[in-house]
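Two complexes are shown next, each including subunit A; its partner changes from subunit B in the first to subunit C in the second.
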Partner chain A sequence: MDRNLFHVTPRGWAGLGLAAFCFAVLPAVVGSYWLSILTSAACFTMAASGVAFMYARLGMVSLTQVGLMGIGGWVALRLNYAFAFPFEVNLVLAALATMICGWVLALPALRMRGLYLALVTLMAAGGLEIIFSTFQFPNGGSGFWGVKIGSADPFRGPALAPGPAAYLRYVVVMVTLGFLFIEGHRRLFPGRAWALIRRSEAAAMAAGVNVTLYKTWAFGIAGLLAGASGTLLAGSLGLLDDGTFRSPESIMIFALSVVGGAQYWLGAVVAAVLYRVLPGLLNQWGVNADLAFVIFGAGLLHAVITAPDGIAGQIWGGIGRLMSRRKGGAE
Partner chain B sequence: MKFKTSLMAVIALGVMAIAGQASAGPSCGMNTGQAATGKPIVIGGIYGNGAPGDWSSSTDSAAAYFACVNANGGINGRPIEYHVENDEWNPEAAARAAAKLVNDDKAVALVGNGSFIEMAVNAKTYADAGIMSMASACAISECFESSNIVSTNQGPLPSNLGAAQYAQEELGAKNVACIGLNIPDNGIWSCQAVIDFMTKRGGTGSMAMLNPGAPDVNSALLEAVSSGADTILMNLPAGLALAVLKAAQEQDLRDAYNWIAPTPLYDLSVPAAIGDYWNGKVYVNAELAPISVNGPDAQNWIAVLDAFGKPDDPRDTFGQAGYLSAEFFVKAALAMNPEDLDDRAKVTEAIKGIVGYRSDLMCGPYYVGDADFHMPNHAGYMVQIIDGGFKIVRDCYEFDSDYFNRHIELEKKLGLR
Partner chain C sequence: MIEVEGVLVRFGGVIALNEVSARFTAPVAGIIGPNGAGKTTLMNVISGFVTATAGRILVEGEDFLALAPHRRAHRGLRRSFQKDQIADDLTVFDNVLVQLDFTLAGGAAKRAEVMRMLDVVGLADRAGRIGAELTGFERRLTDVARCLVGRPRLVMFDEPAGGLSVEETHRLGELIQGIHGLTGAQTLVIDHDVELIARVCAETLVLDFGRRIAFGPTADVLADPRVKAAYLGTEEVAP
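Moving on to the complex of A and B:
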């Protein structure tokens, strides 16, 4: 086993500290409105972590992440109504099913890079959007699609998280596990292979790296995380609506991951905060939440022009400079 | 001399009464003419405004009525603080809105809700929190099949049935194509009821569904036309129904079909919007009394909007329904001990205890009762869009469907039949 696998870096400690804060403090101090927003933001953090991971590790642009979330949510709802499995079993099965979908999506996309890969994934998102809007999400009906006419049957949430505060804690734990899953991969042999592929596919192949396998692997991880986040979103609402998973949302989550900083775990958190918390804040201030789109645009311009590492990169850079100044002062 | 003086006094009083009536403002709650200054009673309201439509006229009218009540003594001196949230046709926003109103703002009731989404997401929240939602513009099945939601409007299922029943009985409809939104608890639910109704009466029916996020009305219209229908039912919000009519006009389909619609097309702006081409050709089921009925509540609703609403607040069925929900809530609240108005359980109990409230806006009595389903309003009018307005072509009538059997049973139990 790699001896560095369990080494916790300062940034890692910061992440664990933030997770502990979100687990212990936030649910106890915020009202129901913010519990709802933060739960949604936590779900999208997990989805953003997947798309950011693909971009940061392999330079692959996936514009179908929110569509994959929809697949995860669809599978979780279908399982919920078809069987009496606990929520956690549905969560794992939905994540695995979405991972397989990620692989399937990866196969035709593997030969492409850059803009073409982005376009293929965007088309996949468009296709998923049409499927969701045509067939809708399961609501307790029979047959493959599980849609019945009229009111939805009750949804079984996790027994461990009966209320909104407990559910936020539950989602925070799952998101933390998601980040650890990515970090574990980064530190093991897939991480080394991805690093090599990102530098040069030809060099990676020459070094004996199975490029197809590792690219597919990355798509699978992004799918797994998207599927889990879609399930968690379904668990928070008890139902899903096709409007949540439209293709522009996939573009938005990718763009915000770049604004947040795809290299860092904090970038995914920033992306989800911008995506869900900022509109909630504007709404509470009585300002039209659509103003958030203007801010997103400005943020993206800022990231492209002056901050290629995103907001998270700037934050870590600022902290690093502060620490070295302090060190210098102490010496 | 004495007789003359008395006569003059009577005439003077009569003139004053007439003058007073002519200048009378709206009538609201306690009608004291004094603004309420006590501790506010928090009431919530949720509407949906986003693609594909604005569903806020019910909360607009409820807000105007509450403002009028507050200016007239409130609820025994306590003003109503009406908190309104937009669900943006989005489940997450709907859940947030309910969480804020129910848990953070501590609303004791929700009044005037109008949405395609929020009732499905929040029905359980309301039941768990023991809060009643006196909704007004319900469009989905959960609204009518939940313990803690009751609406003054009928929703698409009865209104569609009313329109189809009229078309079958008066226009000779044998095959109805229902164009609706592809939402299982809205368009599919209510269009299927029409197909079942037509089949029961020896006819047939079909549905053409639109994607709510990207509605392609022309495709849906072509699908309806290709079904072989003789009648097209536009089971859609007003904006989309107008788009269907526009598409049909471009293809000059007016005379090939009967054109019917549920209540969303009963909006005073619609006759002008559809133009002369459709004069006398479109029939609409009105869930509440058309404005031409002009009863006391109908007049008061307009007076309330004129005095306390915004100039652009819609004068449509859902506005009437919002006004009615607010009026019924105030009536129930005024009958309560003022000290109990902060106690959600007692407010819920008072709302569930409503039986037999009447209004000229509704064909039947309004009631709530303690049940897992609520649909007090299931009779309506049929109107024709003609000469730039609406003409009543069928007065209050009940709709023929087994769906209403349990409601009729409940009404019998409550002594309303």
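Moving on to the complex of A and C:
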């Protein structure tokens, strides 16, 4: 129906190209250490895409994205041990449950502007951290919380993807679908409403846009992606640890999304690479992985001072200049 | 018909509108007055951005003050602001289409209507441009096109000619005069350009310090000595 809905931009081609590379080449050439790190990075790419999208489109700051991932992972594990649903059913149900939990946590703040959402989501992240560390994640035990002492029962991964290499491919496909989901929204009526809301809420209302509804919608998408990424992370490890979902991690993912470049798909990838791959590299080189925090801090300063569009903005800008110089030289 | 009845607005100690009443019946009506007179505040009350302490606003008999701002737009209210409200990252087309997104009409019908109104304002050939590439006048025209789609009943312009050249103001005046014939909507225009008001508005409301000091046919109002003292008096002081 929409002529431009399926138009692929150059950056879009680059994204599809990277996805194809991560699907076809990466899983075949890396060992098990890097398979697990890259899978985790792909999961966090999806979570980062949610916060980044909300920040870039509406200026909304959510500081509970990793906490919401925890909810998604919890629901997926709970469903896995309680029922015999296939992985995909658990994935969808966990994503929806996370979306709803996100709304419940944030609804009072969605009507308000500016810092309130950030503060409310930060408190939510703190609350979730306490719940996760108190009750832990289901591992096959009995009762509602489903926790038992000792080793976890087996987790049913997707039937389509047996083994870690296939699972990385599976996650790459899901992350790509997540990006397409966001981009589709951006190109249709919600994207128009969001663009006008960002211009000015008064102008949006005057144009008939229900501002609270569309903000809630955006928050719902971020929650959906967090829930799906939490499920995918659970599927990668077969179990989850509460240490993964502490509230500083949510702040970190938000900050890295800004460093990466919130308005580009590449920004979310950069954020996840910094968050997961960089510590993995430092580890492999025998350097203390806490050095990553120093690098994050430098990256944030760099973004604040010289790169308002983040690292992705600089990469695209650099490529753009290179292309135009090439063209200029050829003529 | 637009009925404004006893509208009272206070901002802390400031009385921005002091029981203002007016019954607009002309296709195009003007609202004038010196800076800070309460013109924009009146439009904000009608749009729902400012809450009146007392009073009523009726648009063709329908009580508007009970509706949320976006619902007023659904019921046929359109407005532009002193500053244009064009999203830089949307095309001209999408900037207008957004106004129709709440309706359940088919996509093709909406697209056709957007194109028709872009044609009216003279932007049909620039429909695919993004907002960031537009000139000031083109942005203003996009605002006007957005006000025309979706069967408006009341269109309000807040200083639409601000920053425009003489020819551009003339073109804008023609467009405003055409709105009633094109859509059936009534139009309210705020502007400091008295020439523009005299040309396009059959009736005019004059505000000063939140009070109505005159209301009626534009020629009579502009000839009113009280208006000359209040409004034109400040014109002389201003450079």
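Just so we're on the same page, the second predicted complex is superposed on the first by the 329 of 331 C-alpha atoms of A that agree within 3 Å, B and C clash if a C-alpha of one lies under 4 Å from a C-alpha of the other, contacts with A are read in each partner's own complex, and residues count from 1 in each chain.
Assume a contact is a pair of C-beta atoms (placed from the backbone, for glycine too) under 8 Å apart; a residue touches a chain by one contact, two chains touch by 3 or more.
From a predicted model like this one, the values you see are computed outputs, not experimental measurements.
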item	value
Partner chain(s) touched by A:Asn210 [first = subunit B, second = subunit C, both, neither]	second
Touched partner set for A:Val287, first subunit B, second subunit C, both or neither	neither
Touched partner set for A:Met323, first subunit B, second subunit C, both or neither	neither
Subunit B versus subunit C as contact partner of A:Ser40, first or second or both or neither	first
Subunit B versus subunit C as contact partner of A:Arg198, first or second or both or neither	second
Partner chain(s) touched by A:Pro164 [first = subunit B, second = subunit C, both, neither]	first
First, second, both or neither for A:Phe189, with subunit B first and subunit C second	second
Greater residue coverage of subunit A in the superposed arrangement, subunit B or subunit C	B
Residue numbers on subunit C that touch subunit A, as the complex places them	47-49, 69-70, 73-74, 77-79, 81, 85-90, 94-95, 97-99, 101-102, 107, 146, 150
Residue ranges of subunit A touching subunit B (in the complex, touch as defined)	31-33, 35-37, 40, 129, 133-134, 136, 139, 141, 147-152, 154, 164, 233, 236-244, 246, 280, 289
Subunit C-touching residues of subunit A, taken from the complex the two chains share	1-2, 189, 192-193, 195-196, 198-200, 202-211
Residue ranges of subunit B touching subunit A (in the complex, touch as defined)	88-92, 95-96, 99-100, 102-104, 117, 120-121, 124, 140-142, 145-146, 182-185, 188-189, 192, 211-214
